[in-house]
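Each of the next two complexes has chain A plus one more chain, namely chain B in the first and chain C in the second.
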Partner chain A sequence: MTLFPLAAKSLWNRRLTSALVVMSIALSVTLLLGVERLRTQARSSFANTLSGTDLIIGARSSPINLLLYSVFRIGDPTNNVRWASFQAIAAHPQIAWTVPLSLGDSHRGFRVLGTTRDYFQYYRYGRSQRLQWVEGREFVEVFDAVLGAEVAERLGYRLGQSMVIAHGAGEVSFALHDDKPFRVVGILARTGTPVDQTVHVSLAGIEAIHVDWQGGTPIPGQQLSAEQVRQLDLTPKTITAVLVGLKSKTAIFHMQREINEFAAEPLLAILPGLTLQQLWDMLGVAENALLVVSGLVVLVGLTVMLTALLTGLNERRREMAILRAVGARPGQIFTLMLGESLALTLCGAALGVLLLQGGLLWAGPILEGRLGLTIAGWPPSNYEWRLLMAVLGCGLLAGLLPAWRAYSYSLADGMTLRI
Partner chain B sequence: MKRWASSVIALSLFGSSPMVLAAQPHVHGAGTLQLVLEGSNLNVELLLPAMDVVGFEHAPRTAKHQEAVKTAVALLKDSRKALELPAAAQCAIAPGKVESALLETRQDHDHHEHSEEEAHADFEVAYRFDCRHPESLKSLKVTLFQHFPRLEKLEVQSVTPIGPKSQQLVPGQDTIQLD
Partner chain C sequence: MLDIPSFTLAAGERLFLAGPSGSGKSTLLSLIAGISGPLEGQVAVLGTELTTLSGPARDHFRADHLGVIFQMFNLLPYLTVLENVTLPCRFSVDRRSRAIAMAGSVPAEARRLLAHLGLNEPGLEHRAAAELSVGQQQRVAAARALIGRPALILADEPTSALDTDRRRDFIELLLQECASVGAALLFVSHDRALERHFDRVVEWPALPYGLGRET
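Moving on to the complex of A and B:
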């Protein structure tokens, strides 16, 4: 077993090239595993955002659009649902509960969601988990607000603090509802879903800040004070979407059809799980393309190794000849070369895994804050282990070529090398 | 069948709506199957374009048409001709309920006056099973393709205790996976 220290020393002698080879393999492995991880974790993160809701109802548009804006706060609604339609649906004997949602305003880049207290009772995420409270309580008054965990943390808000809501969904807005500030009355526990990035207020609150507005601006000379507004009828005229729970799932498709054929207004009802699957089916092509590209990058990394080993081989004829002279058999030369490529691939793969862990540690909080995506780094999934094994296998396969070359060199001209 | 139809209307708040704004999609060769498993109840609903079932989509005009519709209805009523459930689930089978615009009598038709919708017609079939061991319902084999060669694919939407799922069946790949 003198072969191993010899191989190690030989590699150390060529440390710059070896390090570059390891680095190129490591980067390609990081990319491969990163793409795979992002893909699977994004899926589970999306799937964990909503559970227990049988149907989502909104204005008629694409099912995927409705799912994205109502649950994930991505994109914008095409239209609103009239309050009368909502009431007709809520009164349906098959429906157990409804949670109306009203979107469209924001607070320093975070979406403001108008809803009812039923939201806190019926909204479920993950495996039917309920929303938990860090402190405070549900909204009761018109100008009460409940914050998601991320909102409270990033803006440093405490209970009792007052906040001004901006018109529209942009990060920077000049149209502020600053005459009617809200008061923080509750902070929700972290869920890892878009709920964390949401400011929750009552439907009456949303209505109240828009009472004296028209066409996106305040009506001049008609400003009402917060006190005056409280006296008005604050029943909303429209809402954005409705989460629906049914008494029995048996009626789910009937209910969906009925709502899709709702006469008074064009509505759309979706089963969130089915629509999410539709979305993944659509994205599947892009995901696979990404995976294929990262697979090719791994091949490029291995080709770099092959190039380095093969060019190195010419310069190492002398090394081989000496090894042969001191009694190494051609088979041992073969094993030596093969072991070298395996060692390089192994180091590359290990470094790649480490790089990914480091990258996720660094980028994880950013992804979670911006997109509500929770990406766990460790442990690698079965599929990722298999990918790693495939990379090692390819490395070994690639190593066969220089090993065979070295083997035949050492037989043919190793001993007759002229300097 | 009448009783079933009226119970659906009773279930529907909006059943008496004067005008239907949205129609379900209708693609020849493509049917839909919606399935709900809750407790011991398995409900399956089929929507098949009449074109794929009998080969025409107008009210039957000749004796031959009548015969075709009759055969199709008899076939669809027998749930064993449409679905094969695992024997271990021990499901009690009730005859299916079949509805179609093609089944309405001539007078009914004049009465309804939905001439616009006459361009297309569907067969709607509902099966209801009561299963002793619903946990054994891991997969269902759909045997419709054998009986209706014009049917090219079936969109399956299922809601089970595990959650909703959609899959597409084609001849040769005709098993609904429920787990």
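Moving on to the complex of A and C:
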């Protein structure tokens, strides 16, 4: 313990270099932990988005594509499911409930989802949590809209607000359904899932704004007013996907096969959890590459420390000789140098953790808004503690070299002061 | 290669070792301090055969019984004056307890020595060593060498960085303090003007040949 204050004071004496070393280690640790955190939280955030749904049915495409557009609002559907097919499936004796989904429109960058009121009853996220209301109610009228929490917050919409839906999913759209505005009747509580970024309307509403359209543009001379449209039969002709709950879980695979072999049109049924796993398997390579790169950045940080310590060593030979003269053993000189490396790495790692906390505090709301990702900051996970321990271990290992050099200098120089 | 036939120093003796720089006097000091060992022969300090001791034991021995003053740059620049003086007490339990026996506590003994060496201006003990003048630094180094009453002080040209007036003051203070703590002093210098302060003068190149021994 006699050595620790000496090491601390010696480091303080070289505080500019020490601070730079600590900073470089801190930044690399921030990157390493940040990548790890983003990776795991993205996974859990995705896994928490949907629960209680046994099958997702859509037009035949790739399972991952179906999962991404139906649940995560990422990408676009390739094909639609005919309403007749949906009705046939919904009537199947094994099926407990169905929630039809219709996608393809947007409002100022937020996706518009056409669905039925069953959505609010059967959609579950996290640990089987139901959607909660902040204010208002479900949609009843054709032009009623229910907003996700993020939509309401970012756009500052209140109940009764009128909104125009755009054709297509882009942030800026020139094809507006501006002749048939919707009215906000309900706002949902925050869920941390893509539901927060969704505008929910009835299937009839989606049908109504497209009645007088064809191929993505209004049919010239045939525009119908909102009032005229209300009189029409607004049963949709197609939908995008269906969430399905079964009466018995044991029937899942049987049901999946039956839908995949559906005679009337080519359909695809997926198990959400299984498909999510496939997605992770696919992304695993990229994730690991990212983790390896950030690991290498930590090594760069430690190399900076090694360079600083080794460069400083020559100037510090006098310091070593003085310590030897007052009775320090070469072993203590070794410990002193090793202690410095450990102290620098420790400070760097601690600062890195703090920087990450600060960064998440600042970037958290942005990530949540843009990606629907909720990233919790504290506490570090077990794996992150292990990463931190590994960083400290590497710091100690790197410290062996300058410590060894100092040790051999102190043996070779003895009390000779080199000036 | 240095061949020292014989060289002795009595307990409490104040010896002036004169000789030109670069003649290997520092190597002799390293041998006595037990930092380097001789290729052949023996080195005994205070009746202990250094050559028979292990490396760590020699380090312990040095920490307990020897005080060293260098030509210059004696102090760790990042420690305060007081911390520099008390440094040997961090490495030697013996010197620590002797310092406490002298003045009640290690800092008190350090202050006592500093005051005796004329470094008693208020606030000085908390200043960084690097801020002091060379003369002050050498006196701090002397206080450090003397703390905890070591039996032998090795001084390697400690006055060469000082001007003539300060040189004489320094020597007088050092000799006085060595006497008061009862330490022998081996003072190495090429400056013959200083030799009149000492009990005995040894001419470095003219050492009598024979087996090395010291007390």
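Quick note on the criterion: the second predicted complex is superposed on the first by the 413 of 419 C-alpha atoms of A that agree within 3 Å, B and C clash if a C-alpha of one lies under 4 Å from a C-alpha of the other, contacts with A are read in each partner's own complex, and residues count from 1 in each chain.
Methods note: a contact is a pair of C-beta atoms (placed from the backbone, for glycine too) under 8 Å apart; a residue touches a chain by one contact, two chains touch by 3 or more.
Not measured: the values here are computed from a predicted model.
K.L.:
Answer with clash or fit: chain B and chain C placed together on chain A by superposition.
P.N.:
Fit - chain B and chain C, as placed by superposing on chain A, sit side by side.
K.L.:
Of the two partner chains, chain B (first) and chain C (second), which one does A:Val134 touch, if any: first, second, both, or neither?
P.N.:
neither
K.L.:
Looking at A:Leu401 after the superposition, I want to know if it touches chain B, chain C, both of them or none. Which is it: first, second, both, neither?
P.N.:
Neither partner.
K.L.:
Draw lines from the C-alpha centre of chain A to the C-alpha centres of chain B and chain C: what angle do they form, to the nearest 10°?
P.N.:
With chain A as the vertex, chain B and chain C sit 120 degrees apart.
K.L.:
In the overlay, answer first, second, both or neither for which of chain B and chain C A:Gln278 touches.
P.N.:
first
K.L.:
Please indicate which partner A:Ala251 is in contact with in the superposed arrangement: first for chain B, second for chain C, both, or neither.
P.N.:
first
K.L.:
According to the stated criteria, A:Gln94 is in contact with first (chain B), second (chain C), both, or neither; which is it?
P.N.:
In the superposition, A:Gln94 touches chain B alone.
K.L.:
So, A:Leu38: does it touch chain B (first), chain C (second), both, or neither?
P.N.:
A:Leu38 contacts neither chain B nor chain C.
K.L.:
Between chain B and chain C, whom does A:Arg60 touch in the aligned arrangement: first, second, both, or neither?
P.N.:
first
K.L.:
Applying the touch criterion given at the start, work out whether A:Pro330 contacts chain B, chain C, both or neither, answering first, second, both or neither.
P.N.:
A:Pro330 contacts chain C only, not chain B.
K.L.:
With the two structures placed on a shared chain A, what shortest C-alpha distance in Å links chain B and chain C?
P.N.:
56
K.L.:
Please identify the positions on chain A that touch both chain B and chain C, taking each partner from its own complex.
P.N.:
none
K.L.:
Show me the residue ranges of chain C that touch chain A in the complex, using the header's touch definition.
P.N.:
Residues of chain C touching chain A: 26, 29-30, 33, 35-36, 55-56, 59-60, 62-64, 68, 70-79, 83, 87-88, 90-92, 144.
K.L.:
Residues of chain A touching chain C in their complex?
P.N.:
Against chain C, chain A makes touches at 2, 6, 9-10, 12-13, 318-319, 322-332, 414-417, 419.
K.L.:
Inside the complex, what are the residues of chain A that reach chain B?
P.N.:
60, 88, 91-94, 248-254, 257-258, 260-263, 266, 271-274, 277-278
K.L.:
Considering the complex alone, what residue numbers of chain B touch chain A?
P.N.:
8, 11-15, 17-22, 24, 34, 36, 38, 41, 43, 45, 157, 159, 163-166
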